[in-house]
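In the part that follows, the structures are each spelled out as structure tokens.
Okay, so chain A shows up in both of these, paired with chain B first and chain C after.
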Partner chain A sequence: MVDAVAQPPRNPGSIKRFIERYPFLPALVIMLVLLALNGLWQPRSVGLVGLTGLAKTYLALMLLAVAQTYVIYAGDIDLSVGAIVSLVNVVIVAFMSAMGGDTITVLAAMVIGLGVGLACGIVNGVVVAVFRLQAIVATFATSIFFTGLALWVMPVAGTPAPATFWRAYGGRILEVPFVFWAVVVLAIMLYLIARTRLAIQLLAVGDDVQGAYQSGLPVTAIRMRGYALCGLFAALAAFCITGDTASGDPLVGGKMTLFSVAAVVLGGSALAGGHGTVVGSVFGALIIGLINSLVYFVGTPSEWQNLVQGLAILIALVAGILIGRRARS
Partner chain B sequence: MSPPPDQALWDIPDMAKLSISGVSKAYGATVALSHGDLDLEAGEVHVLIGSNGSGKSTLCKIVAGSVKPDKGKVVLDGAPVAVSGPRAAKALGIGIFYQELSLAARRTVEENICLPDLPMTGPFVDRKALSARAARYIALFDGVTGEDFAANTTVDVLRADQRQLVEIMKTLATEAPVLIFDEPTSALDRTQVDRFFEILRRLKGEGRAIVFISHRMDEIFAIGDRVTVLRDGRTVGTTRIADTSPAEVVRMMVGEETSLVVPAQAEAAASPGAVALSLRGLSGKGFSEVSFDLRQGEILGFGGLHGQGQSAVLRALFGAAPAAAGDIALDGQPFVPANPRVAIRAGIAYVSGDRGRDGIIQGRTILENVTPIHFLRNRLKLASASTLRAKATPALAALNTKFAGFSHPIGSLSGGNQQKIVIARWLIDRPQVLLLDDPTKGIDLSAKADLFALVRKLAQEGMAIILYSSEDVELLANADRILVFNAGRVTRELTGTDRTRFHLYEAAYEAA
Partner chain C sequence: MSMLAEIAKRPLVVALVLIVLLLAAGELLSPGFASPTQIMRLLIVAALLGIVAAGQNLVILGGREGIDLSVGGVVSLSAIIAGNLMNGADSGIALAILGCVATGAFFGLLNGLGVTLLRIPPLVMTLGMLGVLQGLLVVIRQGIPSGRAAPGLSQFVTQPFLFGLPGIIWLWVAIGLLLAFLLSRTVYGYRIYAIGSNEQAARMAGVPVATIRVSLFVLSGVFAAIAGICLLGYSGSSFANVGEQYMLPSIIAVVFGGTSLAGGKGGYTGTMAGAMMLTVLTGILTTINIDESGRQMIFGATLLLLMLFYGRGQAMRA
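On to the complex of A and B.
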């Protein structure tokens, strides 16, 4: 009797809390549906080769969506992530082609690349958090600046990356494709970062800046660190792009910026900040990737591809909201 | 450690845990605090009291570092300190409960409690230690936290009283020697308040110095050791609770010289006209069972502490947040303000003190800001600028509005002149009922004078007006009749010679 009375109000509440705690669940559902659709149209796309190809192409967007998530946690945004990818891409390719393609050079290039990404992130952080400019406008401006730097480093696309680099990216370790190892390492990194003080502090700042400041949190430093972390992950994304395209291109990342924002939103994070998960953003990036390949597999004529892609992303966004709402009510 | 037995001991300066003197803060033309003094002993609960806008919260925020004072001195443990920000305050051992709360809504209760100082192991947050530490403070309120309250609940699903408890726990978790509580009990029920007071008494016994703000006299006399009264941004005096009485405290808040004097401009409209607006048992979010008649030519005042339902009633009448139950009659006809458009077309005008949110159209010209109501009431689709200017000019002139040209952006005007533009927008087509929701917030004295002169003139011309003001002086000087709100209900009506500060405070501060 007591149970019968107590149960009805508790049940929807617990599902609601479940969704609240794991806001990426709708994205996971959509991703699995898209994966099934892909398999339906092109069975080989969900085989090992197909999935390796998907991971190879979209690992960069996954990393970039993760990068974007950390600034969005704090209620900020970074419209320069794509430009950072381009800049890191041309810097490491130029460095490696100048120094030769041996392993030491590749490792040194990666250290330099991470340094460039970090520096770009710190520039964004200073402009947004210290000088208090609007994040959306300030990072748009820095994106032009970073793109300018990339064009100065490498005025035209096409310088090839050394074979060591892209062979490793496309290769296998212990018979398992390298990109899968990369996904595992990414998962471990995300898990560890989620346990740091910074993750909670970023979310607290995004939730209520005034409240966080009044709680004695170093708000400026926290937002700066968010941008710095974003820059580092953008550099990692640039490594993947370089591995995938095997060349330097000063404009390669530009169009990825807004896809990274879309992936974050698809993943269930709030653009206003204070709420979200990086896992959701990874799923969001995969949703975008799966939509692109599905559009291709169903044989959409090339002039219609953008239109269908755009519609499909819109539908995925709406579906995510509806799934969340249905589960909550 | 109990409080020192006599006055003489308190006067020894190095005995004070915290001593604040001559602190002031102004925001543009608005002086929030003109001269704040406070001496806080270790081992006492020190009550701060004062009417709306007397500077209590500003004083607290200065001590907590979240507001930088323009002038003044803060001395902690005998040494002058500069509280440059909340982090500095934390380092100095000052913890504060914010009236408006400082919680992260999407974080859990335990994360919020530990947020200022997360326990770490190496580079990672120690979740176990965090839970254990939060649990200690949650346990203090064991049994009174209410349903659905758990350490891992996110704050956004909690009720107002539960959030207030979380903010209290967060403040206690600072373990600071100086604790400031700015209205910690406003949403709590009796058992929660009793539990909180038990905790305060224990902390006092441990030698903590505690500042406590509340508007409830019974609470103040139940928990306080000393009381410091603020009036109009100044510290009026400090006495021991044991040596005073509620009436005495109200008298200090009011000031002796004005306590029993009826304000000069208290002349009611010669002969109030017919009933323009009548409410019967109106209830909604934030107010219940509100009934009154408003006559043409009358200025009806809404008084009481902040947020006791005054604004909510006005917004319900304007259709911005419709009432749930009760009847409204406008000119004797039943009237249901389902949304602001219905209310505006029926002849209701609403002016809010929150210009940014409810009033001005930011970034647009003065002309565009004066004419939207004219468009709506006359269902205009197109109009020439010159016609509109001709209509707007007399409305703006009536208020002595200073502006360079109709095409200038609204942002080029001072707060006072912006508010005049907002009011003028209602005067092109005369409304029957004018609702003023704390209309003078943040505007200077001369603009206030212009505004109230106009309001009186409109009343004399037969308009029915409701004025809610958070400044009691304004209310007493301008309203013909005052309804005092307390916890969403009208608890007292002040008419004629009863319209004094004393009666207003007495009604506002009695326990609901």
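On to the complex of A and C.
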């Protein structure tokens, strides 16, 4: 990939082919432009401290966007990812505060958190793939159920996470901030998952479900696995939220659901399924983060910030889709 | 017998039976739940949801994954605009209605143009528009107070008007009749089904596909705006994001009414029953004495259970 980008395009069709091959390229360009603009307005924001802060705040959204991508690969959607984040957040915080905050407890809490995320993903998979309910409304219903569970575990926000947990998340290993290690591990994980049979099967189901079925793919099981993978990554996102906010909140993830969908679209994946990359979704999450910080850095009055952010995200969504389509046509 | 079986399978019939069962269950759980005054209150709340769902229904019928996630934002925006334009005076009602309907139509038009001219998927376009509307709400709320409902409007929504029923219920019935007529007796209605079930064929038959699709989004904005005005009348004053609660429930009401999310199949009569069903269910859950957590779990589980009656996808076949 690195060679491909370094070489100048030999004919006008080359750029098109690159974008077709790497649908995340428009997102990468938009992200780099936003990064440059951020640096122009606030040079410190692209320094080590600024970038660490960005990664710390938006790592959760990056992971959630990845989670959403695996479901969207197969042409499905998961509107419960935010509720899963909330549920895992309160479960691990409640567990750690009950058991004390030593390292063993933290590790046990993470295992439990992954289990909860996986269970939620399987529930979604069952209602959508096995019971064949429509994904949008069915996962909205499960999101209400998961939110109820989260409220049952922790009725009000505010239980603090043990210091071991958030110190590790905000700390450094070998002088390098922890979140950067996390990004590296994430990159390796995404690379490995992209090479598995499951990733290709999900895309095949999303591209043509009838064709996939007729060529002998176990469509129901594949869609279930997509939701299960989504639940696992939502749990990872919950760990990051917990590290960033250092407390439990039964509604913390609710607002993230629609942003995760927006990040996937910004990353060049097709909502209809069958076409996309997880890397693009990571870029999409960063684009949302960079838009938010840029709006702040250029000195937008605080009451106008949400509107300018909303407009910028809408424009980025539309532009990304138009560029991607032009490349494929 | 087979005809009876056919009728029993119709979504409208299923919804009506479920409403009666839910009302009976509510009466059992807390006596007085199904009293006439309570039922009227439920009808008012259902009308608010039902009016939002009317626009949602049209957009979904039009197909090509039609959906409008921005309705909640339009409801909130309309409530605050109406509150400020009338500011507690009956003389401002006409202006408020005009202003809100124009606002709703404007955002619907933007959605429609994005979906047709730029060919952005409706989910993405209306999701982006929702973000813009939420930002706009923050701006508006910083600058001006939330405004108050005119007494005439509150009366229209909450007080008996004709045969003991408030005006909003008659408005809802009128919208129901209008849409039933529109969808089953007019060229426009047939064209909605045509573009929803097979856009290519509709285009070849000379249906102005883009114009119709834009009009559906405009209508969705207008219905959401009307619901926003009524919501202001119901609660007296508006508060931030008051409309958010309508976004996904309006879609569920449509699904419970038997309209397919794939488009081209269904109608509004079922959606009205769907809205009533959702409202009765929510009503039961607020009357029984349990924690918010238990309430949400039961609500989510019941929604899933009810969905098993409707719109399940086809089993895969080789």
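In the analysis below, the second predicted complex is superposed on the first by the 306 of 329 C-alpha atoms of A that agree within 3 Å, B and C clash if a C-alpha of one lies under 4 Å from a C-alpha of the other, contacts with A are read in each partner's own complex, and residues count from 1 in each chain.
As a working rule, contacts are C-beta pairs under 8 Å (C-beta built on N, C-alpha and C of every residue); 3 or more make two chains touch, one makes a residue touch a chain.
Since we're looking at a predicted model, the values are computed, not measured.
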Fit-or-clash call for chain B and chain C when the two complexes are aligned on chain A: clash
Task: Could you look at A:V265 and tell me whether it touches chain B, chain C, both or neither (first, second, both, neither)?
output: second
Query: Counting only touches as set out at the top, which of chain B and chain C does A:V49 meet: first, second, both, neither?
result: neither
Message: Output check: A:Q210 vs chain B and chain C. Expected answer is one of first, second, both, neither. What do you get?
response: both
- prompt: Counting only touches as set out at the top, which of chain B and chain C does A:I200 meet: first, second, both, neither?
  reply: first
Message: Just to be sure I read the superposition right, which of the two partners does A:A187 touch: chain B = first, chain C = second, or both, or neither?
response: neither
Task: Figure out whether A:A36 sits in contact with chain B (first) or chain C (second), or with both, or with neither.
output: neither
Task: Compare chain B and chain C by how many residues of chain A each one touches, and report the one with more.
output: C
Message: Tell me the contact category for A:V111 with respect to chain B and chain C: first, second, both or neither.
response: neither
- request: Report for A:N306: first if it touches chain B alone, second if chain C alone, otherwise both or neither.
  value: second
Field: Set intersection of chain A contacts, chain C complex versus chain B complex
entry: 210, 213-214
- request: Over in the complex, which chain C residues touch chain A? Could you list them?
  value: 65, 67, 69, 114, 118-121, 123-125, 127-136, 138-139, 142-143, 248, 251-252, 255, 261, 291-301, 303-304, 307-308, 311-316, 318
Task: Using the touch rule from the top, collect the residues of chain A that touch chain C in their complex.
output: 79, 127, 131-134, 136-138, 140-152, 155, 209-210, 213-214, 219-220, 258, 261-262, 265, 271-272, 303-311, 313-314, 317-318, 321-322, 325
- prompt: Which part of chain A faces chain B closely enough to touch in the complex?
  reply: 13, 17, 20, 192, 195-197, 200-201, 203-204, 207-208, 210-218, 274-275
- prompt: Which chain B residues qualify as touching chain A in the complex?
  reply: 64, 66, 85-87, 89-90, 96, 98, 101-107, 111, 115-116, 118, 120, 123-125, 127, 148, 154, 157, 170
